[in-house]
Each structure stands twice: as C-alpha cells, then as structure tokens.
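Listed next: structures, encoded as structure tokens.
Each of the next two complexes has chain A plus one more chain, namely chain B in the first and chain C in the second.
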Partner chain A sequence: MNVTSSTVEGITVIEASGSIDSKTASEFERNAIAAIQGKSAAIINLSNVDFLSSAGLRVLLMIYRQIKAQNGKVVLVGTSEEILDIMANTGFLSFFITAETLEEGINTLKAA
Partner chain B sequence: MERKTFPGTLDSLAGIREVVKEEAQRAGLSKKAAYNLMLALDEIATNIIVHGYEETGTEGVVDVLVDHSDSQLTVILEDDAAPFDPLQRELPNEEFFARPLEERPIGGMGIHLTINAVDEFKYEFTNNRNRNIFIVKTSDA
Partner chain C sequence: MIDNRIDYYPTHEHEGIKFRRGHTLPFGATMVANGVNFSVYSSSATSCTLVLFDRGADQPFAEIPFPDEFRIGNVYSMIVFELDYERLEYGYRMDGPFNPAAGHRFNSSVILSDPYAKVISGRDTWLAKPNWDNVYPYRSRLAFEDFDWEHDHPLETPVEDLVIYEMHVRGFTQHPSSKVKNPGTFSAIRAKIPYLKELGINCIELLPIYEFDEWENSRQSPTTGETLVNYWGYSTVNFFSPKAGYAATGKFGMQVDELKTLIKELHKNGIEVMLDVVFNHTAEGDHRGPTISFRGIDNKTYYMLTPEGYYFNFSGTGNTLNCNNPVVRNMVLDCLRYWASEYHIDGFRFDLAAILGRAQDGSPLSNPPLLESLAYDPILAKCKLVAEAWDAGGLYQVGSFPAYGRWAEWNGKYRDNVRKFLKSDPGEVGGMIQRIMGSPDLYHQRGPTASINFITCHDGFSLYDLFAYNEKHNEANGENNNDGANDNNSWNCGWEGETDDPKINFLRHKQIKNALAILMVSQGIPMVLMGDEVGRTQKGNNNTYCQDNELNWFDWSQLDTNADLYNFARNMINFRRQHPVLRSPTHFQYWDSVGSGYPDISFHGTKAWNCDRSPSSRSFAFLLCGDHAKQGIVKDSMVYVAMNMYWNGLHFELPALPPEKKWYLFANTDMPSPADICENGKESLLDNQHEFLVGARSVVVLIGK
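For the complex of A and B:
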C-alpha cells in the first residue's frame, strides 16, 4: 500500500494504491488525517486500491467525521465495483460523493 | 485438503488473500464472489491474529485449507488461539446501519461483512483448534 497527498486546484487529494487491510490501514489513516487537518473538502482517490477491508472502512469513517466537522464534503474517486458494493451494504455509500475521475470529483466539489 | 500454514501476524494477510484469490480463480468464481471470499477470510484472519494472538501475547499459526468439490469451494482457517466463536458476538443490527456515520461506533463491521460475503459461514472447535469455515457455491456441474 502507498499513500500520497497533494493539492489540486486548492483541493486536498489523497491517493492510495494497493491493498488497505489491518496491516496497512494505519499508514493510510496517518497520512490522510494529517493531510485533511482543518480542511473542509477532500478527495480520496481509490482508483488503484484493489482491496479494502473493514479496517479501511474505519479510516474512511474517520476522514468523513473530520471533514463533516467542518461542514465539508468527501469525494471518493475511482472506487471499484466490489468496494462500492461493500460500502453500500454497510450504509457507508450515502455519506460520500462518488466520482469516476479526479476531474469529475474536483468539478463536483467546486460546484458545491 | 490442501493446507498452507502462515505465521499468526498481520504480515500474513496479503499471502492468505493471495491463496484465496488463486483458488477462487481456479474454481471459476466471478470477480465479485472471489473478492467477497477474500474479504471474508481477511476479516476473520485479522480477528484471529489481533484478538487471538497479539492481544493475548501468544504466538501461533493460521492454517488455510482449501477444497473444491460437489459444486462448492470450501476454505477453512484453523488456529490455536483460545476458543472464539465469531457468531457468538452481537452483530450490528439495522439500527446500527441506519445511524449517520458521525454517531456510529467504530468497528463491529468485520463479522457482518464476513457473513454477507459467503454462502455459508460456520465455526467449530475441533481437536483444540478454532475452525472458521467459509463455503461458496460454484457453477461447475
């Protein structure tokens, strides 16, 4: 697993790749939480994430809570069908905005 | 049954998922069914490693056994941690999933995901070992 964060058109983008499981979730959490400190919007790019366990869902929950505390929105980009299914089954999906591409995600946040 | 033995540490999760992925492909499972089976194994293996071994300061192994016959793929996780039946834990109910994410307790989702990810999930304690059994139907005749 790998995590990088950047700012694209003023919006914080966190990009993860690989598998997010109980072994790797803490690194995802550390990077993501640091990157969104005080921010009112964030994009999580999951295009290259091939596996996400409940440990990964837990990190998404923490990101959501932190952004929500700033009355902000979280966009998930490029989430695989399998992961979207799991998120739907656990009631997670309705709290996030989903986009297929980074560009679409940025446009959605700018329009909001 | 073919048996593969992994050390009971979180480093083993990727290897356990890889075994499951290969077996799922060999059994002709759909991409979604294969993913869900990997997820179920990952969740239960995590519980065994974290709660069964690490938190109790004990070391041990996690064995993965696989069998494909009678139109079903059976994967079994065996471990030597203290007896623990995941099905005895209280599962999140509808009220849990209806709550906004701000108010939800963190955790408690792993076993819910596991049960929903496979056709059948069973637990038994046999010969002093925990056996978590995952069964997925396959379409072979």
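For the complex of A and C:
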C-alpha cells in the first residue's frame, strides 16, 4: 500500500494503491487525515486499489466525517467494480459521490 | 481526554504474545485500547486456554493459558495486545471433568466457539464446501461496532398497525427470476424494498438469521437426488452472530455492516424488522452431536439435563437450552439487548417459546423469570415480543402464555378456525366471530394486539397448497412422508395437485383471496407468508425445512402468471392500512360508546342484525362503525364484510346506513379479476343499497361513506 496526496485545481486529491486492510489502514488513515485537515472537499483516487477491507472502509468513512464537518463532499474516483459492489452492500457507498475519472471528480466538486 | 492508562500496556508475555489481566465484563471479546479483552464464564472448568488463529489458518499461532490469578469467580479474562482485529479468529480450550452423570462433558482437545462471539467464520458462503478436517470449524471473530446509523431509530410502529411478512432471507431472492445482483442475501432484500412497500406490509419477520450451519444433517433426497440441507436454520451455532452465508459480503467478513445497512434502509421506508429467534435449543444436538461451544464450555449450565446426564428434548431437536438458569437467562437477555441496540431490531418472535417458561428440571413455571425479565427489560421496552406459545414437549399455551402485558402470541387457533371455515366445515361461525374480533375469548385481558393472526407460516402448507392438496406430500424430504403435520385442514378443491380444470383453478384463486381478505379484516396483527401473495407452491410439501430449491424460493415470474392474486393481496393489505377501524388497539365492546348510533362492531347474516351462529351455519357478516376507530379518536368509513362459505350463493340484507351515507363495493372474490377488487378510494357505488348477492364460497367487502 502506498499513499500520496496532491492538490489539483485547489482540491485535495489522495491517491492510494495496493490493498487497504487491517495491516495498512492506519498508515492510509494517518496520511489521508493529515492531507484533509481544514479542507471542505476531497477526492480519493482508488484506481490502483485492489482491495478494501472493513478497516479500510472505515478510514474512508472517517475522511467523510471530517469533510462533512466542514459541509463538504468526498468523491471517490476510479473505484473498481468489485469494491463498488462491496461498498454498496455494506452501505458505505451512500456517503460518497463516485466518478470514473479525476477530471470528472473535480468537475463534480466544482459544480457542487 | 485520557489517552494513557496503565492497562493500555501488557504485563505478561507467552510465546511472544503480550497480555495482561482483563476485565470480567462484558463477556466475549471486546476491542480495547491497544488490544482485545477476552472474558468467558464456566462454572466447572478447571482451567481455560485462549486459542488464537490468523484468518483461515489451519493451526493456531498462539495458545495462552489463563493464569489462575486472572480468574475472578468463575470468569476467565485477559487483554491481549497487538492483535489484528480484522484477521483474528479465537476460541477456547476448557479443561475439566468428563462425567456425564454429573453433567460435565469437558474435552480440552476441542477448540470451542465463544458463546458471546459477535461474528462466526467457517460458513462464510452459503453451501460452499467446508474443510471437514478443520480443527476449529466455527471460529469466533471480532465485530466493529461503530456502524453509522445516522438518524435511524427503531420505528416503534403501534403494534396494532403492523402487517407482518414472514420471509426467508435466501428464499426471497434466490430464484433466478428475482433478477438481483446478489441473490439470496441481505443486500438483495434491500434491492426489493420497493416491492415490499408496494405490497403494503410494514414489518418483515426473518426466519432465523443467527449463525447456523446449512450443512447440518445434509443428505441426498431419495426422490430428486438433490442435497438436502438445513435450509430454515432453526439450529443456532451462535446467538450474537448474523449468518455470514446470508450476506453477499460474508466472504469478506462484512455481514454485520451488510445487515445493518439493510435494516437502516428498511426503516427509512417505514418497514420494521422482526427476528425469528431460537433460544430453545442449539446446533449441538444430543450426546451424539458435535461439541461446538456450549457443551464444552459449561454443559450443565447451558442445557437441561436428565438426572442421568442426558439431554431433555422438549425442542424435538436433541437438546433444550437451560434458559431459566440465571446465567443462561442473562445470556439470552444480553443477546436480545445486543440485537435491539446494536442492530436496531424492532421485535422478536420466539421459536417454541413455551420452553422458555420451563424450569431447569423441565416443569412449567407459573412465573418464569426469563419471560418476566424480557417483558420488563429497559432496553427491550419498545420491542415487540411474540411467542410461538407451544413446544415439542406438549406444552400448549395459546391464550395462556405468561404475558406480563407485553407478549403477543402466534394465534394457532386463528389459523385452525379460519382454515376450517374456509373449507366449509360446519360449526365454525361462533369461533370465527371470536377470531374476527381479535380473539377476545383467548385474550380478554390482553387485547387484540396479543393475537398474531396467520393462516399460513413457513411451517406447513403455503396458502396455494392449502387449496391444492388434501394430504401432505413430503417424499422429497427423505423420511417416507412421515415428517410434517397431518392436521392441515386443507382442501384441494376437487383435484389433488396441479390441474388444467379452469373451474378448480378459479376456485383455488378465490379461496386464496377469501383467506387474504379474512386475514386483513380481522382485528389483531396479520402475518402473511412470503409468496402467498402470488400463489407460491411447495407442491404439497408441508415441511420444507431441508429444501434449498424452488419448493422454497419465491418465483418472481408468478407476479405475472398470478397477477390477479398479487393485485388482490396488494389492494387488500393496503385497505387494512387505510382503514383504522380494522386496527383497534383494544377489544370492541358491542355497544355505542361514541354516540354514532351504531355499536363498534355488530354481526349480521342473510338478515341484517341477525347472525346465524348455529352449528350448520357457514356464513356471517359483520359491520364496523368507523366512528369507533381507534377507540373513537379517528374517523373512518363504515366497513361491512360478508363471508359466505356455503356452496351456494346467498342474498345478504345490508344493514341500513345513516341517511348521508351510501354503500360502495371494495372487493368481491366471486368476480374474475380485475372486478374482484379495486384500488383504495375507487370503490364503486352499489345500485342496490339494500341487498347483496354473495356468491358461493366468497367474501364481499363494502364500505359505507
């Protein structure tokens, strides 16, 4: 698992890769939460994430809660079909906006 | 904020695993800072060892004996540090005497599930072939208990307003015709919420969803060659864990979140969730059965034992949970509190609940502590409590179940009375009058809300089969048709099984409509069996506990092929929802307490105000005065229902309405669809306001407005 963050058109983009599970979730959480401090929008690019365990899903929800506290929105980008299905079944998906590409995600947040 | 405490750090080490003294309560495995607190009770073990596995591993990565200093009373507890919450599987070995006559069956070679585990792995995908040599087949796991319920809250629907739909998680959507993404799962029920809403029900009652093993007693069917399994699931492996195989995400261990998401979504749509819970026995069977948990942890605490140390069998399944033992009683209470608070469950239906009123020696108690505890529990205070008020040991308590003002019952007499009336048996009108009124003969003090009215349930014929078979046809179960009840009170309408005869098929559909109409106009709480609204058939099998196939699966194509039934059921259910006079919280009094000029309920026949209750009578009618709805608090129409189960049509004189009102026709089961019923509010004005010809074996519903 690897996490990076950047700013694209003024929006924080967090990009993770690999598996986010109980072994890597805390590192993902640490990096992601640091990157969104005080921010009112975020994009999480999951294009290169192949698995999200319960612990990983919970980090996404923590990011959502922080952004929501600023009345903001979180967009997930490039999420695989399987992860989308897991997130739909477990209810996590309902908290997020999804987009296929980073560009689409940025446009969605700008329009909001 | 306290971010540091002494107990956040270990004091002991064993094979590289760090741990310390734990907290005795709560029982089970609880996530605490830096670790997991384990706590388990055994009255008679001499020592206990915690066994830890990585997810799916063949062998444990550690076994930590509880130091004796960690035992307080009969409770062993410790905190183990640096465990992977998500991948951990844990169990116990208990050492102690093997002396069945004294009630002890300890065996330290067996790794035991925690009775308080919140997740069990091992049967993660329905009917996925297990590893039969697994050293620890049903593994305890941890659950994240941090679900984001947002604003959800149990609905607390007034009990008299419920329309219950009894359903099986897998059976509801497993049929390919369901066209859902994850058939047979909690998630798929969520996808079908629009259907449930349209049908008009506002409570689903799920057949057991506590973890059970569908492979239990699996075998080949002698007639079809199919694998017969434990499909219904009345055989609990663990009371706190949802069935993983019912979750699309069970293979990822996410069944807890999936089930909670379903419940939250049902609540958003005004639908309550009631669980069918089985506290009368466990999956461990009798002395020949497997040791999974309770038997090895504390046999004489958890089971009712004969003086010789064998298992009492009041459940008909090998053992009987010792639920009036104070420790077991607390476990049941902890369990229900957990489901009510952690899962927002709205109510519970207790399988073979008469057992819950038996003492530890099996004798019936007059004031059973468990039932009393449940009735007065602060956390369960708004939950519906429903008893199946009998057991397999011959204790039959319909009408006399210890209720403490809280408990409702599955009204078996309602089922029997209505079935006999529908097949034109003589002598049923007197009983029917009681059933229509919410059975005041049984529940005089407790009110109509004590009566769960049902004609069919999972156990027995489906509604279609009730009118297609005189006899049960259970050969596919492999017990030579000896299993299942014989007193079905069914009538095949002239031919045993499927037929092309249009007259017989019309009559069968009419009888289904008659049954649904009677159920929806009865005071009390109606319960509909999944699929009865579309004429689901079990091909005459009245005990489909082992059939994981089309005998049990809801065939969604029947929404088209039996569209008349669905249309009738939907409108009839919604009629009940629209008319509060059908849902009185208290018994009617037979008199006019609001000054409307009409009693709350009155009975009629072919002559108005004159009801023939004689043994040869097979018809009657009743009138509800809408001014009395909900004890006169709300206004409703007049509702008049005529039921004629005689084999010829009869003219019913209609009771006179107040001058400003007229009679309108809502339903007439004698008419072919779509003239048999209408949408609510679209009732048609009757030409003849004085008399109605009620066809042979037909029900007519009128409103006066």
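In this section, the second predicted complex is superposed on the first by the 112 of 112 C-alpha atoms of A that agree within 3 Å, B and C clash if a C-alpha of one lies under 4 Å from a C-alpha of the other, contacts with A are read in each partner's own complex, and residues count from 1 in each chain.
Just so it is clear, contacts are C-beta pairs under 8 Å (C-beta built on N, C-alpha and C of every residue); 3 or more make two chains touch, one makes a residue touch a chain.
Values in this document were obtained by computation on a predicted structure and should not be read as measured data.
Trainee: On chain A, do chain B and chain C fit together or clash when superposed?
Mentor: These partners clash in the superposed model.
Trainee: Would you check which partner chain A:N107 touches, where first means chain B only, second means chain C only, and both and neither mean what they say?
Mentor: In the superposed model, A:N107 contacts neither chain B nor chain C.
Trainee: In the superposed arrangement, does chain B or chain C reach more residues of chain A?
Mentor: B
Trainee: Return first, second, both or neither, reflecting whether A:K68 touches chain B, chain C, both chains, or no partner chain.
Mentor: The answer is first: A:K68 touches chain B but not chain C.
Trainee: Once the structures are superposed on A, label A:S40 by its partner contacts, choosing first (chain B), second (chain C), both or neither.
Mentor: In the superposed model, A:S40 contacts neither chain B nor chain C.
Trainee: Contacts for A:A55 in the overlay, against chain B (first) and chain C (second): which applies, first, second, both or neither?
Mentor: Touch partners of A:A55: chain B and chain C.
Trainee: Looking at A:S19 after the superposition, I want to know if it touches chain B, chain C, both of them or none. Which is it: first, second, both, neither?
Mentor: So A:S19 only meets chain B here.
Trainee: Considering only touches as defined above, state whether A:E81 meets chain B (first), chain C (second), both or neither.
Mentor: In the superposition, A:E81 contacts chain B only.
Trainee: Using the superposition on A, tell me which residues of chain A are in contact with chain B and, in the other complex, with chain C.
Mentor: 21-23, 53-55, 57-58, 61, 85-86, 89-92, 95
Trainee: Per the contact definition, I'd like the list of chain A residues that touch chain B in the complex.
Mentor: That would be residues 19, 21-23, 51, 53-55, 57-58, 61-62, 64-65, 68, 81-82, 85-86, 89-92, 95 of chain A.
Trainee: Flag every residue of chain A that touches chain C in the complex, lowest number first.
Mentor: 21-23, 53-55, 57-58, 61, 85-86, 88-92, 95
Trainee: Going by the contact rule at the top, pick out the chain B residues touching chain A in the complex.
Mentor: Contacts found on chain B: 10-11, 13-14, 17, 31-32, 35-36, 38-39, 42-43, 46, 49-50, 97-102, 104, 106-107, 109-110, 112-113, 116.
Trainee: Could you please specify the touching residues of chain C with respect to chain A in the complex?
Mentor: Chain C reaches chain A through residues 84-87, 144, 146, 148, 181-182, 185-187, 247-249, 252-254, 257-258, 260-261, 264-265.
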